[in-house]
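Okay, structure first, notes after.
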Amino acid sequence: MSEARYKGSPLPIPQQYPLSEEELTARTKALQALLIEKGFLSSDMIERVVSIYEKDIGPLLGARVVARAWVDPEFKKRLLADATKACAELGIGGMQGEHMVCLENTPKVRHVVCCTLCSCYPWPVLGLPPNWYKYPQYRSRLVANPRQTLREDFGLSIPDDVEVHVWDSSAEIRYFVLPQRPSGTEKLTEEDLAKLVTRDSMIGVGDPLPPSSLS
Amino acid sequence: MSEARYKGSPLPIPQQYPLSEEELTARTKALQALLIEKGFLSSDMIERVVSIYEKDIGPLLGARVVARAWVDPEFKKRLLADATKACAELGIGGMQGEHMVCLENTPKVRHVVCCTLCSCYPWPVLGLPPNWYKYPQYRSRLVANPRQTLREDFGLSIPDDVEVHVWDSSAEIRYFVLPQRPSGTEKLTEEDLAKLVTRDSMIGVGDPLPPSSLS
Amino acid sequence: MNGAHDLGGFHGLGRVQREENEPVFHSEWEKGVFALLFATLGNGLINVDEFRFGIEQMHPAYYLSSRYYEHWLFTIEKGLVEKGIISKEELDARARRYREDPQAQLPERKDPKLADRMAALIKRGAPCTRPSVVSPRFAVGQPVRAKNINPTGHTRLARYVRGKRGVIHKVHGTFVTPDTNALGKGENPQPVYSVAFPAWELWGWDSAEPNETIYVDLWESYLEPA
Amino acid sequence: MNGAHDLGGFHGLGRVQREENEPVFHSEWEKGVFALLFATLGNGLINVDEFRFGIEQMHPAYYLSSRYYEHWLFTIEKGLVEKGIISKEELDARARRYREDPQAQLPERKDPKLADRMAALIKRGAPCTRPSVVSPRFAVGQPVRAKNINPTGHTRLARYVRGKRGVIHKVHGTFVTPDTNALGKGENPQPVYSVAFPAWELWGWDSAEPNETIYVDLWESYLEPA
């Protein structure tokens, strides 16, 4: 790199960024190896935790919760009163969802969730967050200009007479949205309804799919 | 670079930083060449403006102003009342010093100058600023923790009973400091006094040299 | 600390970039770093507030230009070295080895009990709630002001709400205080509130969009009566 | 805009790094960029507020990691292309040529009149004062509050003083307003004040150092009575 040849003051940063994939790989393996040797990590533990978040936990779980709330008014009441407890009824909960709150969209109120300070996200119902949720663009824009961000970056226009409620997950409470049930879904089964519930609709940056998407 | 091989989301930044000296050289020459061809720049103009700031304008001019104020109480009054006019008496002024203010250090008050938003600096009396004045470290730290910054980064400890006044050059007014005349300099000539006045003492991050430094 | 992580209201970072059909992990090293979270937090080597504070200490230019799991890698390296669980020297030596021989494999060690324990942790979670020790100072509906604090340590009071007035929307319960827990100064459990701020209070009438409320979760010590 | 340039009170950027016997310029390209300031601002191609606003639009990670004159290079490229004085294509083509052949020289053209004109400009300066059109709204000693504004355009109202109370220390005179001038919306001359803020008002009692005053120069439209 050129720093060595620069004859001036020290540059404002000591390194060249971003790092290469090779460098990140080497550093990660070094830590893994040391922690395996010291007894804090093991080959089967790596496989197990990765597999849980690749295969078992993801937005399909949140979709089940939403679909249940759409078909079962009593469950919906319990969900809005205490989402952690209600999700536990369906066997859903755990790490990064110890204190969950579910926010109900209505014709007059739309909710959208972010984390300006890091990337807090309700893992048990949505899985691990996508990069855009964790990257600086979303985290900086959403709290200041939610309508503009939703319109420009997510194609979602919200009329001015609909309230926008933004939830910045700055503590250990984890939020997700109960989107409005799409029209024309009166006859769908709970299982089919769950297929309409997208991850984005539970973050609040999208709508559920229309029933026509099922066919 | 590794981005091409990264199979994930777009990285938060599109480029690798910092740029190389070669790249900066090529881009600068490209702009220069185009502006030379379009009549806005010329070979002799480059030489001329560079030479003025390398040879003619620099902290020696500010030192002359300070030394004059130390020996001439009437000049000092005029300097503190209107630094632009007083400097003009000595033929000093111009670009980035159109509206200068001189701040007098006393046993009870110390001044220090910065620019948090860019790098505003009184060119006619101090020349072009050093990199540290323009880099993020000084600009971020000084307004919030001036005593700590002066102590840790400049070796200058200011007793708590001495007021610290920080001047953030956020408009077009340019500030410089009239430091206290060192003791033991009663018999020095104005010319020798000027040799004691450092750039840092006029920014406010240092003291003038002691008279012993002259021998 | 007033760092680059505190992004609310920051301009100039560009539009949101979405990836179609994004996988859970993009590479082997991302999986590796993810597992390291459990090896450290899951084993109690580093607490969650120390983990976040470590990330905040990345150079701002690095923080803003790096991949997400790079943040985790940074804070895990830093935390383990600072706590003396690994030494900088052994870490550097090992990284050099894997850099020079990218085909070199990890040591193979199975530990079914450890794997089971982590799976149970995922299922159970790691609550930061604590038994209430005091009754909450503020009640739902009460106007409050977020304090103007500027600590160089860790805090979850974002700059964009400091000094701003809101209304208590909900009392969440009693939680560990990140500011002290990140510095090894104890859990100091205290009430956490959801505070509702109108957009115009945060951004001013000229910049705020109409008809918006921003809800921020704040610890009691961040608040004063308005 | 709330950008990375707005550094007052930001943490985590490290200690001040000083260079012994620092030269005025460190390389030929720094000299070249410095001369480009005169070619652009000196010829009226770009105004000083557009110049600063251009720098603010660097990606924050780039802004915080780059050499100082790199900022100037960025805004000059941007300004000249946006104003149609040069095209992106000719700029890229020319840069490619110099990249591929680092020995290639600049075109030689002398223009003594131009050089004289720039030397005279350095001597004379380019004042941003304008004739007073209104009498100042605030008087020395009057308490004021800096407004809470968050424009995405250019402003010289730093985030760290927004919403904070200070006292008018001095009335400087009437100056061009950067916020409009940077956007090509006119000079809108108005009074500028030096406003004195106690450190505790800006940073809170816990973080402020004792016995300190911060003086910030603010345009009248940034202020309201306190």
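In order of appearance the chains are A, B, C and D, and numbering begins at 1 in each one.
To be clear about the criterion, contacts are C-beta pairs under 8 Å (C-beta built on N, C-alpha and C of every residue); 3 or more make two chains touch, one makes a residue touch a chain.
Nothing here was measured: the structure is a model prediction, and the numbers come from that model.
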Mutual neighbours - chains that touch chain A and chain C alike: B, D
Most distant chain from chain A by Cα centroid: B
Contact-richer chain pair [A-D vs B-D]: B-D
Computed distance of Cα centres, chain D from chain A, in Å: 39
Intercentroid distance (Cα basis), chain B paired with chain A, Å: 48
Distance between chain centroids, defined by C-alpha means - chain C, chain D (Å): 34
Distance from the mean Cα position of chain D to that of chain B, given in whole angstrom: 15
Set of chain B residues in contact with two or more other chains: 6, 8-9, 11-13, 17-19, 21-22, 130-132, 135-137, 144
Two or more partner chains touched - positions in chain C: 9-11, 13-14, 17-19, 22, 27, 59-62, 64-67, 150, 203, 207
Contact graph of the chains (line, ring, star, complete, other): complete
Residues of chain B defined as touching chain D within the complex: 12-15, 17-19, 21-50, 52-54, 57-58, 93-99, 116-119, 124, 127-128, 130-132, 134-141, 143-149, 152-154, 160-173
Contact set on chain B toward chain C in their complex: 6-13, 17, 136, 144
Residue numbers on chain D that touch chain B, as the complex places them: 5-11, 13-19, 22, 24-25, 27-29, 31-36, 38-40, 43, 45, 52, 55, 59, 61-62, 64-68, 70, 73, 76-77, 80, 85-86, 90-91, 94-99, 102, 104, 106-112, 114-115, 118-119, 121-129, 156-158, 160, 172-173, 175, 192, 194, 202-203, 207, 209-219
Residue ranges of chain C touching chain D (in the complex, touch as defined): 1-4, 9-14, 56-62, 64-65, 147-152, 159, 163-164, 203-204, 206-207
Touch list for chain A against partner chain B, complex: 1-3, 5-6, 8-9, 11-13, 16-22, 130-132, 135-137
